[in-house]
Structures are given as C-alpha cells and as structure tokens.
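Comments concern the structure below.
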Amino acid sequence: MEAGAAVSVIKDGDTVLVGGFGMAGMPVELIDALIGHGAGDLTIVSNNAGNGDTGLAALLAAGRVRKVVCSFPRQADSWVFDRLYRAGRIELEVVPQGNLAERLRAAGAGIGAFFTPTGAGTPLADGKESRVIDGREYILEYPIRGDVALIRAHVADRLGNLVYRKTARNFGPVMATAAAVTIAQVARIVEAGELDPEVIVTPAIYVDRLVPVEVPA
Amino acid sequence: MSLSRREMAEIVARDIPDGSYVNLGIGQPTMVADHLRPDSGVTLHTENGMLGMGRPATGGEIDPDLTNAGKQPVTELPGASYFHHADSFAMMRGGHLDICIMGAFQVSATGDLANWSTGAPDAIPAVGGAMDLAIGAKQVFVMMSLFAKDGQPKLVPECTYPLTGRGCVSRVYTDVATFAVGSDGVRIVETFGITVDELISRIGVPLVSSPFP
Amino acid sequence: MSLSRREMAEIVARDIPDGSYVNLGIGQPTMVADHLRPDSGVTLHTENGMLGMGRPATGGEIDPDLTNAGKQPVTELPGASYFHHADSFAMMRGGHLDICIMGAFQVSATGDLANWSTGAPDAIPAVGGAMDLAIGAKQVFVMMSLFAKDGQPKLVPECTYPLTGRGCVSRVYTDVATFAVGSDGVRIVETFGITVDELISRIGVPLVSSPFP
Amino acid sequence: MEAGAAVSVIKDGDTVLVGGFGMAGMPVELIDALIGHGAGDLTIVSNNAGNGDTGLAALLAAGRVRKVVCSFPRQADSWVFDRLYRAGRIELEVVPQGNLAERLRAAGAGIGAFFTPTGAGTPLADGKESRVIDGREYILEYPIRGDVALIRAHVADRLGNLVYRKTARNFGPVMATAAAVTIAQVARIVEAGELDPEVIVTPAIYVDRLVPVEVPA
C-alpha cells in the first residue's frame, strides 16, 4: 500500500502512536505522508517530540498537533517543539520512558491499570493514586491507547508478521498492540512462510497496513 | 588532588564486580565503559533495547539502527540480544540489573536522587528514562562533582530540586570523595585531595568516616 | 431435524468472516476447523503460544513441542508465529482476536457464561484458560446442546453454575437453534427441527423471534 | 552443569516455578533431579499439577509439595494430585491461565499489582479487590515470585541466552524473569555469538544455571 493511502485512515482529533527512539525506528515516510494527508488536532505519543525540521518536527511545525505525550521532548535540536511549547500552542504530558512503554503495553494487553514504582515520590506522581505494596511505594498508571500506530519495522511477510533491526525495534512492537489500526513501513515484504515463525517479533494480528519503503543502500 | 572525570570513571569501573549487568546513563557515566577490562564479563544494558552493547561505532561500523540511549552509534558484542522497549524497561523495573550509573544535580543523605529537572519555571520538563533507571537496579551509583559551580554541595540533607527517585542511591562518586549511602547514613569511602574534616565542614550532611563495612 | 455435532460445526464455520483471527476452545469447538475453507484466510490462535495453527498432526508430523491447547499434536501453517504465554494471553485479553468459540454448561439471557465448574462440592476446581477466553475476544460464540441430558435448558434466565465470565457471549449455537445475545435480549437467528413456539415453551428465557439485524 | 548440582540451590519451603504446558516445555530432568535432591514443603507454580506418575506427579507423590498454584490441575491422568487433594494433603490455588502468566510477568517486570478483567464476577474473584475502569470491571492481581524457576529451552549460548522450540516456549520466558534463580535445561549449548541477537527470546540476564540434556533423536 502507498503511504498516503495508508495514513488516510487518520482523522482530526486522533491519537497517533509514533515509533522510534531518535531516528532509529522512526517511520519518517509515514509521518511525511501524514503531513501531506492533512489531519490535525492530533495527540502524538512518541518517545521524543521531534528533531530538527523533518519528521515529527515538521508535523508539529505544520500546526497539526494539539498535544504531545512523550518522555523526552527537550533535545539539542527540538527547536520546533520548544517554540510551540513556550508559545503555549502545544500541550505536553511527560511520562517516564518505562511507564510510557508499559502503559502502551497495558493498552494492548487489556490491563485496566497497573502499579509501578517508577515516579513514586516525584513531581510526576502528583495527583496520581499511590499505594504501598510490600513496603514499597507504587503509583497507579493507566493504558495509553492509540487510534493509529505508525511504526517502522525491517521485513514483513504479506500477512503482516514483522521483524525489526537491532535497536530500531524499540517502541514498535508495543505500539503495534496498542492502536486500533497499525501501519508499518518496512524495507521489504516477503511471502508468508519466508519468515521463521520462531523469530517473528510482531505477529500479523497486530498489523493492519504495510507500506514498503525502499532503504537507501 | 581531586579527580579528573577520567579518573572518576576509572574508580567507578574498579568497583563494578566481574560479571555484572550494568546500565550506564547518558553523559559522564558512559566514560566508565572505557575502563572496564575486556575479560571482566561485565554486560552493558542500554534501555533502548539491548544487552551486550559494545564500544562506540566509528566509520563504516556506524549503523543508524544501532544506537545507545544517548542516540549515539554503538557496536554489538558476541552474545548480545535485542528486545523491545516494554521488555527493556521490565528488565530494569524488575531489578535484574546489578548497577545503574547516573549523573545527578543533587543526592540526599537518605539516597534521594534529583537529576532530571532544576525546577526552573521556564524549563521544558523532560525525564526520559531517568526515573526508571533510578528505581531499576539493585544498586544505583551516582557520578557527579561534589560541588556546584557556585560552591554549593550537591550532597545535601534534603534535595531542593525535583526528585527523580526516593532512597535509591547507594554510592556517590565525586571528584573529591566517594560516599556510601546506607540506612544508617552517609559514610565516606575514600577521599581525594581533601581531608575528612574539610569535607565535613563543607557539607551539611552528617558524615561517618569509618570504612564502609 | 436437530443438528449433529458435525452440522453445528459447519454452521459456526459459515458464520466466521473471512480473514478472522479465531480461538477454538477444547472439545467440540475444535471441530469447526474442519469446515473452514482453505482460502478463507481465517487464522487460528492457540493460547499456548501460536498463531497460524494448522490441522492435527499425524504420523511422522507429530512433534511433542507443537501442540494445541488440548495438548494434542498439531501442524504449523505458512505465516505462523510463536510467542510466550504472557504475550499469548495479552493478545486475548487485549481484545485482538475476532472470535473465541467455547463449549458451555449454561449461558444466561444477558450473555453470562458458565463452563468451567458445575459447582459440585467434591469437584477439583480447574479453570485453565476458560476465563481468559471468555473475556478475550471481540465476540464469544458458544457451542452446546440446548438441553442437558435431564431435559433442562442450558440457555437460562440466570446461570446457576459458577460463572466463567459476565455478559461475554454474543452467539449461542445449539443443536436446535442459533441465538444472538444482545443488550436488548436473546433473539432466535435460526431453528433446526423445532418451532419457535416450542422453543419458547421449553426455555424460561424471553426470546425474540425477529431476525437479528 | 549437572542437573543435581543445579537444583541443589532449592531449599525446603521454596516456591518453585515449573515451565511447560503438558509435556511441551516440561523440564523433566530438572524435576527428576529435584526429587533426588530431596527438598520439601515446596510451593509449585505451574500450569498443570502433574500427569501420570512421572515428572511433577512423581514430585507430588514423594510428598515434597505443600501447595500447587496452577490453572488446570484436573486432567484425565492427574491421579496423583487428585488423590492428595481429596485426602487434604495438598493445598491448591487455581488461577486463570492468563492471570497466572501475567502475575509471573509482573513479578519479573517490577509491577506491584495490576487490574485484569479475567475472572471478574466469577467465584475466583471472591475476596479480591475489584474496580470499574471505563465501564468495565477488573480485579486486582499481585505478582507471583519464585525462589527458583525450572524451565526447558531449546538452545542456549554459554552466557545463558535462550531460544525455544515452537509451543514448548509457553511459560519459560516469563518464569525465567520471575525467579531469583533460573535453571534452564537445554538440548544444546553453543558459544556466545552463535545465536542471532535478533532471535534470542530469553536474554542471559535471566538465566543463572544451564543444564544440557541430550534429546533422544
């Protein structure tokens, strides 16, 4: 499927999960297609809030994002987010990285909420329910569900089974489980049966649309 | 004489038992890797999804799909493994790592850690994996200069900066002394170019000079 | 005439949309697999860690490391994948499967399911994955005979056996009728060798005979 | 390491997690070694409660088990358990299979407790805390930690990285994370670097002892 057609499922107001840790695993072509598609008022859930002027930063610069949920917005080259945030033109929810990953997993796994030790006793626990279990303090965190997930994997088979490459795996597998519609850009699509069933990381049940994107050699 | 950053990294590396699983935080802690013996059997974890991380990648080794938590290109050692973010942070949160090493703005006498925010009103909050690392290892080692640029000690009775984690720090490696933080207080493990008396006079934290058991 | 078990399996198979992800419970539901068209694109999940399960294994195909949830040897289809138990039940609990098909002791008018225990005082309790399956799919189909051996209906106003899940059943396939369970009550979808009036007279559950929308 | 030496870490009163679903993934040789070792008053956490007269059933028959935590004790050939249970000589905690897996995962993942929909409104929720979240009822479940896990994998490298075979994977990977000491019996041990880092299912950090057990051809 072509990237533009794939992302046309995204509607104004949607929550979009965007894979990647820095550029590793970032679905750049899908984000570009989303910019072209034009949906706005989006909530973006991703580890960072854009770098430089491309990808997520370009989506933010285009004024399409109402809110960012991430662990680490502030980086050397996050000037687009910084400007919008300081101008009061974008909302921010900062979530510790492991709680972000676990909240996404909870959404995919049907867990209603969970007690995590991360963040207990810190300002990020303000207003959250807390509880001491076996002498340790935990805070209660809720799932983060996406309407759509945009992820990048390495190879897919035609059914949608995915394998990843090295640390580009990062948020892809959990985001794929946490969204109503998961769109994966991949370097290559092979026939069903060509991927060893033992090594598939994301089973096809979690993947709705595949977009082949050639990788420059 | 007080320690250089390089010497601090050497001291920390010396204190990591052979065979440990270790996460090196962004910045100064990454320097510790340079001082681990190749035969130490120490395995490095990077929270973006890898055990068995090797040295920084250079030249043709650079692969944009293989980075550390600081998003710098790294290499892979034999016996490495990759996993996704939820699995990676489950590994941390579940207490499977032996040691996390982090920088700090402040550490309190009870092991509270403040290293993610100075609480400045105009700052953009950004925590990354700091809070997960703080609670995510059997031991948390902090590396920092003992005094801020304005001379204020960073080992304090109580943190004034927003906390990253409570009661989580077990060792504090600084340029002038190494401290062990235990339930009975803060002990001086070693000093570098400063006397115990001077340390005590410059820090508002009650210190125990006896060797850590 | 009422349906044989084979005919019931055929009817259920006919109602599974092409391309669905389906879990077939132990016992009678496994017969549904025999009636799925090879080109239907239906993928079978088995909760012991596999998508893309094929037909039962025979002879030299038998591999003790490849079984279904009933611990019978099965085969693997192209495009299959394996995963561990926590991932497998996350897939179910997270609502990713389209249909689970299960047997039942009783189903209530509001879709409550009882299929794990008769509540007999001397019974050894054993639930397996039944409760996870009950809440673990977009739709739960039940296959059962409508009447127990003593003639008592198994579609009841309220379950008297211990529950497996509440309000989870959407369709009930029986030997004499198929029922759809919705928020507005129980509708008869189809009858087999029994009149609607007789059904109504033999079951204490208010039934709607209009076709399911 | 030899099986007997490996299981010698198990003490009277320990909680032992035992992998396997039926015979697939069952660490039979480790269980046999545990019987030989002699530790008693054990709590066994496993999907089933023994089949026939070997493996777990033999451990039970030897009177070493105080309590079984499992999802499905009652099977056609679970006569050893049945007899002990009816004689009041063994305790039983029945846990829905998915809650069992998730409670083990929670132990390994440092989650203090979690809200699950499985079992809500059923007798297995009796006495458990429940809560309605977004209109759905959940019950609160706590981690299950083991002192020792006995699992069976397929191939290990010398560091302890593991891969599994087909549906014999089942509880192995979660149990490996949930115990203080994990002992894996494997068909083969290879050098570090011989397993592709992308396909390792259980990273070595979770594995403490390896026991090679030749598989009959």
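Think of it as A, B, C and D in the order they're written, each chain with its own count starting at 1.
In this section, a residue touches a chain if its C-beta (ideal position, glycine included) is under 8 Å from a C-beta of that chain, and two chains touch if they have at least 3 such contacts.
Quick caveat: nothing in here was measured; it's all calculated off a predicted structure.
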| item | value |
| --- | --- |
| Taking each chain's C-alpha mean as its centre, the one farthest from chain B | C |
| Centre-of-Cα separation between chain D and chain B, whole angstrom | 35 |
| Chain C-chain D separation of Cα centroids, rounded to whole Å | 28 |
| Centre-of-Cα separation between chain D and chain A, whole angstrom | 33 |
| Of all residues in chain B, the ones touching two or more other chains | 50, 76, 82-83, 90, 92-93, 135-136 |
| Contacts with two or more other chains, residues of chain D listed in rising order | 102, 105, 109-111, 116-117, 164-166, 197-198 |
| Contact graph of the chains (line, ring, star, complete, other) | other |
| Listing of all chain pairs that touch each other, if any do | A-B, A-C, A-D, B-D, C-D |
| Touching residues (chain side chain B, partner chain D) in the complex | 21, 43, 45, 50-52, 76, 78-83, 90-97, 135-136 |
| Residue ranges of chain A in contact with chain D within the complex | 102, 106, 109-117, 131, 133-134, 136, 138, 142, 163-166, 196-199 |
| Complex contact set, residues of chain D against chain B | 105, 107-111, 157-159, 161, 177, 191-193, 195, 197-198, 200, 203-206 |
| Complex contacts: residues of chain D adjacent to chain C | 21-25, 71-75, 81-82, 85-86, 92, 94-102, 104-105, 116-124, 137, 164-174, 201 |
| Residues of chain B defined as touching chain A within the complex | 46-50, 63-67, 71, 76, 82-86, 88-90, 92-93, 112, 117, 122-132, 135-136, 162-166 |
